[in-house]
Amino acid sequence: MTEEKKPTTPDKQIDALKAEMKKDEPGKTVSAPRAEGTVSAKPKPAGPPKPIIVEQAHDPVSEDWQKKILDVLGDKAKDSYVASGEFTIILENGSDFPGIMALIHENGFDYLSDISSVDYSKYEGTPKHFGLSYHLYSVADNHRIRVKVFLEDGETILSIMDVWATADFHEREVFDLMGIVFTGREGLRRILLPEDWIGHPLRKELSKNEGNAAYTAKLVKKAREDA
Amino acid sequence: MDFTMINIVIPTVKILIVFTVVLLSVLVMTYAERKVIAFMQVRLGPMRVGPWGLLQPIADALKLFSKEDIIPTMADKWVYYLAPTLAIVPALLTFLVVPFGDQTTFFGLLKHPTSMAISDLNIGLLYILAISSVGIYGILLGGWSSNSKYPLLGALRSAAQIVSYEVPLTLAIIGPILMANTLSMKGIVEAQSKGMWFVIPQFFAFLIYTACAVAETNRAPYDLPEAEQELVAGFHTEYSGMKFAFFYLAEYANMIVVSAIATVVFLGGWLPVPGLAFLHIPAIIWFALKMGFFLFIFLWLRATYPRYRYDQLMAIGWKFFIPVALINIFVTALLVL
Amino acid sequence: MFKSEIIELNMGPQHPSTHGVLRLKLKLDGETIVGLEPEIGYLHRGVEKLAESFTYLQALNLTDRLDYVASISNNLGYIETLEKLGGIEVPRKAKYFRTLMTELGRLSSHLLWLATHALDIGAMTVFLYAFREREFILDMFEMVTGGRLLTTAFRYGGLKDDIPKELEQKIRDFIKIFPGRLADYEALLTKNRIWMKRTKQVGVISAEDAINLGLSGPVLRGSGVRFDVRKAEPYEAYGELDWEMAVEDGCDTYARYLVRLEEMRQSLRIVEQALDGMPEGEFRTKAPKVLKLPKGEVYHCIEAPKGELGYYLISDGKGTGPYRLKVRGPSFVNLQGLKPMAVGHMVADVVAIIGTLDVVLGEVDR
Amino acid sequence: MEALISFFSHYMLYILMGVTILTAVGVVYSKNAVHSVVALLLTMILVAGIYLMLDAEFIAVVQLLVYAGGIIVLFVFMLLLVALHKDEALRLFNTYTMISLGLIAFLVIVLAVVFFGTPFGPVPETVTHIVKGGSTEAVAGALYSTYILPFEIASVLLLVVMVGAIVLTKERVKL
């Protein structure tokens, strides 16, 4: 893979991949072990074989890159830990939240996999009512990271749509199903449920039936009258 | 005009025969289309109604006749009713001048042999072009009067497409006309009986004609007006029952007409294949075989090619077909002179 | 001089080529698209909420119904998530067989994509050809799981049942015929002028935008980004088999078409290798009938046919089911690519772009 | 039966003319523009029919090809593309009434002069011969010999119109 061949790839990524290639070349120690039992596959019929670059097994525990990202964040990271082989950073909700996320983005984590919301109200040992998990990935370095933020009920959080455009649907979904409001963005409206749905079904105070079957014309009418 | 008993009766009989045959061949055509494409796609096609699904077209026709006739509330009723008529009448009128064979006496029934065409207009080809240019109103008004967005888009596409492709289509026919030195359908066939079929000296014209004929009849790969993946059903989205059947009928009648023109102009009409004249196959069978071949091309294309996009279709029509057809005319004119 | 009028066209939820119940609000200037807004949720069944009241095993059934044309991949992702949180070991035989089945699932999903994508662009015959081969694969699924579409295929700790004996011959037959069939599709499409005209430079998205929009799978690889979860974080037997990631840098619909065709070839390679190298031994480890997982959270993702399929599972350590299960459906995220890809193109291209994104509404709406 | 045929042979032309006038009136008095155009289309087709009855086959066909097939399509296009203000109240008298009345009077006088100045009678043998022998050739011969200059002028005019149309649409793209 050369720069001429993949002009559309971001420069940053190419550089990183090149560095990765150099690092891997001497011993190839990081690539996954090959099983003895596998039958050697037939060579690909046409074209030169493309080099496989991102092939090392995922081993994120206590590595340099984790320290690096923590150093960059400094005391903005409230806490960090590794559990089930996954690296988690805990951040505070505040006015500089998008800024911190942008900082993480600049340090290689260019891919936002997912934004998940959890209602922790019936969960033991959590600081606040809601948790928001941002799952980030670095395409070039092949690292994953989870950024967690805890929120009280009714607390709003700033949108990160300016950092990752993909956050649009995710934030709308979190708002729709969990009722967490994202500020500083356009078009925050329901996405999966009908626009006149009442309530947010993934909250724990709603039982399964209430969460899923509360949508009848009668109930909507009643709720409108109550409001 | 000279109105006498014999001049009324013979054309009337001919008209009845031709219309019956045309409508029947539409039925056959729908069946053939399903079967041929099915075999190209490794499946069986209709098998349920009758042996080998032979009665399928009749079942389809019955279904269409018995369907509820829905008129959209916001439709423009007069135009909505008029549109299917405007589509089918020109399609059927064009058969007026198609010579299905040489002169015949209807197995000795008549004293003087009569032409197998309903009428031998000396400008037969021009007549067909003129009539078929009216056929577009059915589509255009049908799309507009439904008062719905998909039909409107389909109608606009269709109108633009047909208007554009009429030009290269006409230009493609001019080459053979120059060679035959007549506009009469019969005259063109007779001109070919002396020399070779025009498909050989006018091969490029034949190719352009084929492409434009497919476009004119809104068939794949030029079936944008009714591209179901984009416009649901195009201009006849809101039509149902008999009115829909009229559009359907018009489409197939148009296919048969353009095949008939191709047969007459390029494939030597009712003339036997050179070297096979000793078989004594009746002229009308030769005509049917050639038409069948041309109709088969329609199905073949449909099973093979994806659909063009609207702007690409227009571009290829104006930037490729028309110049090539013009060059063909110049070269032919030079040679004829 | 003239002021052109913008018309709003409502495409779907019932429309032949929105692949389910997707609804698009199009703003058109003539036939050119100036605005587009996807409306989703018509198939929302509350899978995530339902999972909270199910046991871990019961929730497996829900995953079938996400991307219902590739339910095997969904099963695998979910089962692996459970195994990752619970630290459950899986025998090598099960790993190989899971890999094999998942790749067959990928083939069937890609075949369905090819069929519908080609049909959307008007190539009708490819549709039926591709469905013929897909039937073959679905027959295999039926042999293994009893279900053709909703497979509920694997269990934590391995497989539900041992591999049926007749399956091997069936797969060998398939490996024999399929390259020829792929050549058939290619003969009809790859060098077809109309196909190229309809797909090249249509739905262009740069690598940077694709990453920023979180696109994944063949859509991302069609923009020249070398990201495939199977290579990046090898799971099951992928790290032990010899195959290549399919990448094209055309950034357009044609490039994504090539990527998926190449993936089908690679999948066949993987299937063949996994079958040849299938180890002997147990097909599952001892695992409790009613699973209890330790307190904790885990995000696990696999490469589904549509892209990165992630499960975010939270266990409170007490219940026998998930405290919270979040599904990161690749179709849901990829759908965001529709707007930047389609604006400026024509109505006919929207159809091609929906096809190239390969969204399944069961996964979008969940 | 014979009587019926002879009736048709004599009066078909007049029936056609009558219907043509009816559709022409429809063009003017339709409230809906599309209905107007449809009526215009029918008028054109009927006029072609009249030509056909008069044994002027070539003219009839050209009438269909140019007017019915060509020009009215453009009308319909315009109507479909431009938003219509439907059903505006039909006013019989407005400020233009006097002007149009004057114009009509003028037209009637001109037509009357032409009508009464025309020597009606049997068609000369030469003309019928040409028509029967294939009017296409006759028309072509006349166009390219006797009337070559007006024909060329007309072509230049059409060319100007075409270029003008292209220029207009180009400008629109720039905007």
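Which chain is which? They are A, B, C and D, in the order written, and residues in each are numbered from 1.
We take it that a residue touches a chain if its C-beta (ideal position, glycine included) is under 8 Å from a C-beta of that chain, and two chains touch if they have at least 3 such contacts.
Everything quoted here is computed from the prediction, not taken from an experiment.
Undergrad: Looking at A-C and B-D, which pair shares more C-beta contacts?
TA: Here the pair linked by more C-beta pairs in contact is A-C.
Undergrad: As a test of understanding: of all chains, whose mean C-alpha position lies farthest from that of chain B?
TA: Farthest from chain B by mean C-alpha position: A.
Undergrad: Per the centroid of Cα atoms for each chain, what is the distance between chain A and chain D, given in Å?
TA: 71
Undergrad: For chain A and chain C, let me know how many angstrom lie between their CA-based centres, rounded off.
TA: Result: the chain centres lie 20 Å from each other.
Undergrad: Between chain B and chain D, what is the separation of their C-alpha centroids in Å?
TA: From the centre of chain B to the centre of chain D is 28 Å.
Undergrad: So how far apart, in whole Å, are chain B and chain C when each is placed at the average of its C-alpha atoms?
TA: About 44 Å separates the centre of chain B from that of chain C.
Undergrad: Would you pull the chain B residues touching chain C in the complex into a rising list?
TA: 37, 40-43, 149-150, 153, 157, 220-221, 223-224, 227-232, 302-312
Undergrad: Can you check the complex and tell me which residues of chain C touch chain A?
TA: Residues 40-41, 44, 46, 48-50, 52-53, 84-85, 92, 206-209, 211-215, 223-228, 231-234, 237, 239-245, 247, 249, 251, 269, 272-273, 276-277, 279, 295-299, 301, 308, 310, 312, 314, 316, 323-324, 326, 328, 332-333, 335-336, 365-366.
Undergrad: Quick check on the complex: what are the chain D residues that touch chain B?
TA: 1-2, 5-6, 8-9, 32, 34-35, 38, 41, 45, 48, 53, 55, 57-58, 61-62, 64-65, 68-70, 72-73, 76-77, 80-81, 134-136
Undergrad: Within the complex, which stretch of chain C touches chain B?
TA: For this pair, the touching residues of chain C are 7, 9-10, 15-17, 31, 118-125, 128-129, 132, 188-189, 192, 194-195, 197-198, 346-351.
Undergrad: Could you please specify the touching residues of chain B with respect to chain D in the complex?
TA: Result: residues 1, 3-5, 8, 76, 78-79, 82, 121-123, 126-127, 129-131, 133-134, 136-137, 140-141, 144-145, 152, 155-156, 159, 163, 166, 183 of chain B touch chain D.
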